[in-house]
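Read from first to last, the chains carry the letters A, B, C and D; within each, the first residue is number 1.
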């Protein structure tokens, strides 16, 4: 009694063939000409594409942003993930000042337990470094949290200094962990914001103008220099600029072990959306850090995906309703909650604007949306692959359909989407999570949350 | 009635799992839990490694070197290939002056027809450029010969000038072909040789001393500059130096579409083997172009394989007996026939000195010995892959065995091997060619040559 | 009895001050507050600029171009030089095939002897390399000809192969000489010309289109690679492209001892002057090799002068009358004699369009028009400097005057100038050659040719 | 009534000739064949070298180091300078926390007024940034203090954050000032020191081990990135590492306007002088920041001087007696006062170990010890040049003498010298300061302090 998916065009990060896939229990057990047995659930996938369920490397569900809490919690967030063909999310637990990492992890588990519709793992954001935290990095890895995050921005809040970065990097090598970095120079941004405010520059657009590209590039360079000194690998989260990417490439060329992630918003949206200082507050929808950039940056990031300089794609999903939440920042851009939604649309946006526009091919698509993340974050070959023994996490996509992204139809629990009106030339027909059909016929199949916590192996895995 | 290989540890360029493989006719039809039928040939591979048959990107069988003919023809050469786990070879047809490409190809087919024990394809070496040859490049691609070769060395013989390189590169883009380049500056080498001879420097070691590393590096740079001007991809054959590799990497970084190949001899043997000018002729065994290099070059090339700067491995197999053939050059190194044997030992050398020494992992091994070559030269996914629909070209390797390379036991038809006495920690147990067992129990199974000519797709394929 | 120039603003490559200069015999003997003696010639230079006489590093006077001879010989050419503030020219002797260097030098002396109005030296162009020529390089240096030239262009005529380049470079180090290179890839140009002619592309503009920028860049790179191998310094003559300049800079950065020269035409004129294939022959005036380039190239070359990547300026003066000479190439651009006039206008063009446009300052102007050349070519501090002991070669320029360049008023003996109509904001008032007033009040003071042959020291001097 | 120096061999940054120099009042008025008048002071300099008085770009006289005050004040320090051929020093005023720049400058003037034997100027160290300080940068430039300093090291004390650096750089462009940077990453050093202390590593050698090279290199890179963002020039003080230098060169190559300074101690002394953790306190003599480095670093810095990547040399003279002062740090290297003496020996060390060892030539020597500093710091052509109108600051050096550096014979007021026992192959015979003989026959000629405060022009000057 298994599942047999018949006749689809199967894509992995390297292969393309027409064949059947048989899943028993949670695992793929056979590929190719597969015999079915009595009691098997048979899915006819002829004419459809089959690829591994997506892995979103970067979400923030149920996050307390100080003045408000994200619109999406783990339930709505992971339902949206499933609806969008993403079967695994990696969310950020973040240490509060004065807290241990274990406390932070415990709190995160409490938020996610019994709520998730897709599988999930955690990265651990470190904001309050001390000897105890250093010891706990090993505990985290033992708990399957083998990736961490440090912030070079958010001065006075999340930001850590270069000394902490150095010690944490040294420690990461000892425990087999990988640290991701939010790369923007918080010291300089802090100055630019003060200058802006002093000059009465308070509209949403100044969010972008006080976080210029050069400050991402500087931070990327600095992280690589410290990584090189500490002989540690590093991961750059949500890379948004050409300049930062060129630095990353140059770092790789001189031997730094550096990995890059970007997000659909940096590929598809640009800074013009912030509008001008004309009284409109529409730009607040796009207030996120780093901010949207220029068209030239977008092109460079696509090229980075194509050539393998950037390996993974996350959404940095961190949703706030425009009404009532983003509006906290009317009259003061620094009070606008930072972030936007995305987990639901990443897979189809990258297919439609990446593959169909000829920027990447189908194998690269699979690699960039799933396989590379699985490898890097200690989940391969369980996740990110269609092979014997891998989890039965599969997306069946109908390439002949198309539809328009509309916030009113979305599963994620937020009152807008930055991709409103984007035409997506495909339709996700079915999604399997560990062999179980969890999305079908435009609906998340609800007999409750099926997602499991993923205890990940050491990072960077291969 | 098929073949079922049960319970081996399967390796591809990306995967590793324990599973069965079923082949029907010539193709892999199922992977994983596979049911067998009456009449199936069942192979128990428990405890063994299974990976795609090797692709040797660079051989010269049955080559007329002017004063003598290679020791190996297509029969002995491809038997040796099979014995060494290589199921596909790409041999060089070479246009003689005054000849058309079609004549050269016809001649090459005549040498190979009905003689090959493994599958084979051809590259076409162009030495006499003219308008007709330019037109014929399309014919070659139509015949499945989608890769070409030009020589920057061998002044007055094979060498072409930069104008020819430019025109051929422009043409290669039109026809969907890829040109490989022998990168050594023939003009300067010609001078160095004349100076050496004038000074009575005639021992084998002067072969190496008149072909210094800088001249490979210069030629790599020049080819890339011309490629960049012609907007064409290029392939560098038998890369032998760190300097050349660094140039290649720098070229890739600035956007040149350049691919690199190296050979086991440049990874495992070094220039000390040429000895000194002491009357010995032993060094003649290693007279090949480019010559063996330094230990530092070896290390750089291994690093190039590991990091993906070099994608493929060929042997440049071009064997001459030390006795009677190499000896033509006693007293004048310029008369020593250039080349050495290698097709039989590439797969096990790279496994033993690459994988087991920790320089590359098993997936990289598969990529570097087979998958990458298949992709680049228009053979993927027919060759180089274990997937539904791919050819049943498989190697079953027993990792618990070991043996010593000895010329007296080898299949290739030559009186020495440069790897004499090398201990190889593994044993190729069986080899399948398109589903047929062709090597078993240390023997090539002989009911005649089974190899087919491979009409390849356009290059560079992906 | 000397010359005292009083009260001018003196500029050297490093200094600027108001002071007197006293010359006795041919040498400067005192600077600053200078007392005059009875019999002294006193020049009042108040309000004027005084700087070292110019050195034109690149002229071709009295050159036999096969179908015709240059319009200017050493007499008219050096009179024009003096009129333009140039007191030293370095002209090219060029070996004919079959000739020794001594024969070539002897021939050149014969052309120049007793004809020159300014001082002069020779570079030696080598076109027919052999052991005897190699030996003669020492003789040349002994004769004061310490710089040489090799051509990478003009296939089948002046072009030498890489083997010759290598041997000559090795030899140059032994003799203390510097080789200049005409950097264009002649092999590829030869192909492009053949293709153009085959397609009936015969107008002057095709001269430029068959000599694209990438081919200069390639040749610069190749020369530097060979120089690096031979451990020799190299000089790139008439650099015309941004791409070539960037390569040169990159070469310097990696340690190649490479020097660059450019010419006013590459700084001030652009490829639009070739017009289109519309039957006009006006573009023939600008047919020179390398050809005029784009505006972007001009800007890069100015930047190269400013930042010191390019050290010297020559004119490549090689004049042919449009009428009767350039016209030989009507209907076939390959027959148009290559070259144009320039020696008369270099100093004032660089002042007016360099200094006055703010691209370089006065000290850089002195360095680029005179001092650097003197240092590089073994003439410093005799030439190129205003210091005690240096030759009394001085230009007195009135910065308050201005005039229009017109061919009908020029001294050089040719029926056009590429700079016709250019407004020059300055006037050369007087020129001294070794303490003797040779140009005054718009006239070359003629009591016959006063120029001496300069036996130069080894190159590159400092 | 002037001074006439007769017959010396005169060296400037570009020239070398034998000639006389006449000074009237404070200025050079004539060079070359100079007539003397009644009452002139005539100096016979035949056989001697004459060059511009040295400019030491980096001293700390009369500095309060918290637990103790430097051994040298402006009187003993500038007497030592004169004795060593240095006629100008640029000392650091440093703002205390809570202080205005004017207060800091006033305090510095008070320390120096009427005490100095050589001319002097100030840089201003900024440690407490605010809007008032920003405004005062203009006041400083108006006062002739056109160069500033920021510290990336000394966390919690002098160190400023990247936001301050950015604002100060932007401001420096507005006022025409140049900021020098102490480039070591203070955050990471702070961590390394804490770790060392926690592990009981307290000997002098740990001073060096907690300030590794990579942290200078990182800081250089960061400063250049911020400079590039702010479009400002930057000056790197006391560059000590090869890695930092390579970064600087790379920065220049990509267009950052960056200037470098190094010190004799980084050229001539190495880290072996710190000894081991064996109870000795001798290493304390060399405790300075940055610390002494490796032999490889020394070689790179010499090469940097030779090739012009480093333009200036200072001593970072900051002397403490070993007895009683350095000893404060016995048992805790962090308490050792940082710094060492040097102002007295810079000129002769660079001559003896630079020029005489063939690492730089005499003209480079003049440039590196004097001319470049004058140009960069707004003193040219008043200082750093031998030309009409320049100050009569001259050194007469006898190249035939030699002597041994001994602390017991030194003028500087400190109980050791790091160069004890160095043999210097030359002797400074006489020194002139603005036309006045101030050092003669091994003695500072004392009719009281003659040094004047130098109100400098904007920086970077040219």
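Here, contacts are C-beta pairs under 8 Å (C-beta built on N, C-alpha and C of every residue); 3 or more make two chains touch, one makes a residue touch a chain.
Fair warning: this is a prediction, and the values are worked out from it, not measured in the lab.
Asks: Just grab the chain with the largest centre-to-centre distance to chain A, centres being mean Cα coordinates.
Replies: C
Asks: Starting from the mean Cα coordinates of chain B and chain D, work out the distance between those two points in Å.
Replies: 61
Asks: How far is the middle of chain A from the middle of chain B, if each middle is the mean of its Cα atoms, in Å?
Replies: So the centre of chain A lies 42 Å away from the centre of chain B.
Asks: Between chain B and chain C, tell me the centre distance in angstrom, where each centre is the average of that chain's C-alpha atoms.
Replies: Roughly 52 Å, centre to centre.
Asks: Would you pick out the residues of chain A that each touch at least 2 other chains?
Replies: Touching at least two other chains: none.
Asks: So what shape is it, when you link every pair of chains that touch: line, ring, star, complete or other?
Replies: ring
Asks: For chain B, which residues are in contact with chain A within the complex?
Replies: 10, 12-19, 22, 24, 28-35, 249, 253, 361, 363, 371, 381, 385, 387-389, 462
Asks: In the complex, go through chain D and note every residue touching chain A.
Replies: Touch residues, chain D against chain A: 155, 161-164, 166-167, 185, 187-188, 190-191, 212, 214-215, 217-218, 221-222, 225-226, 228-229.
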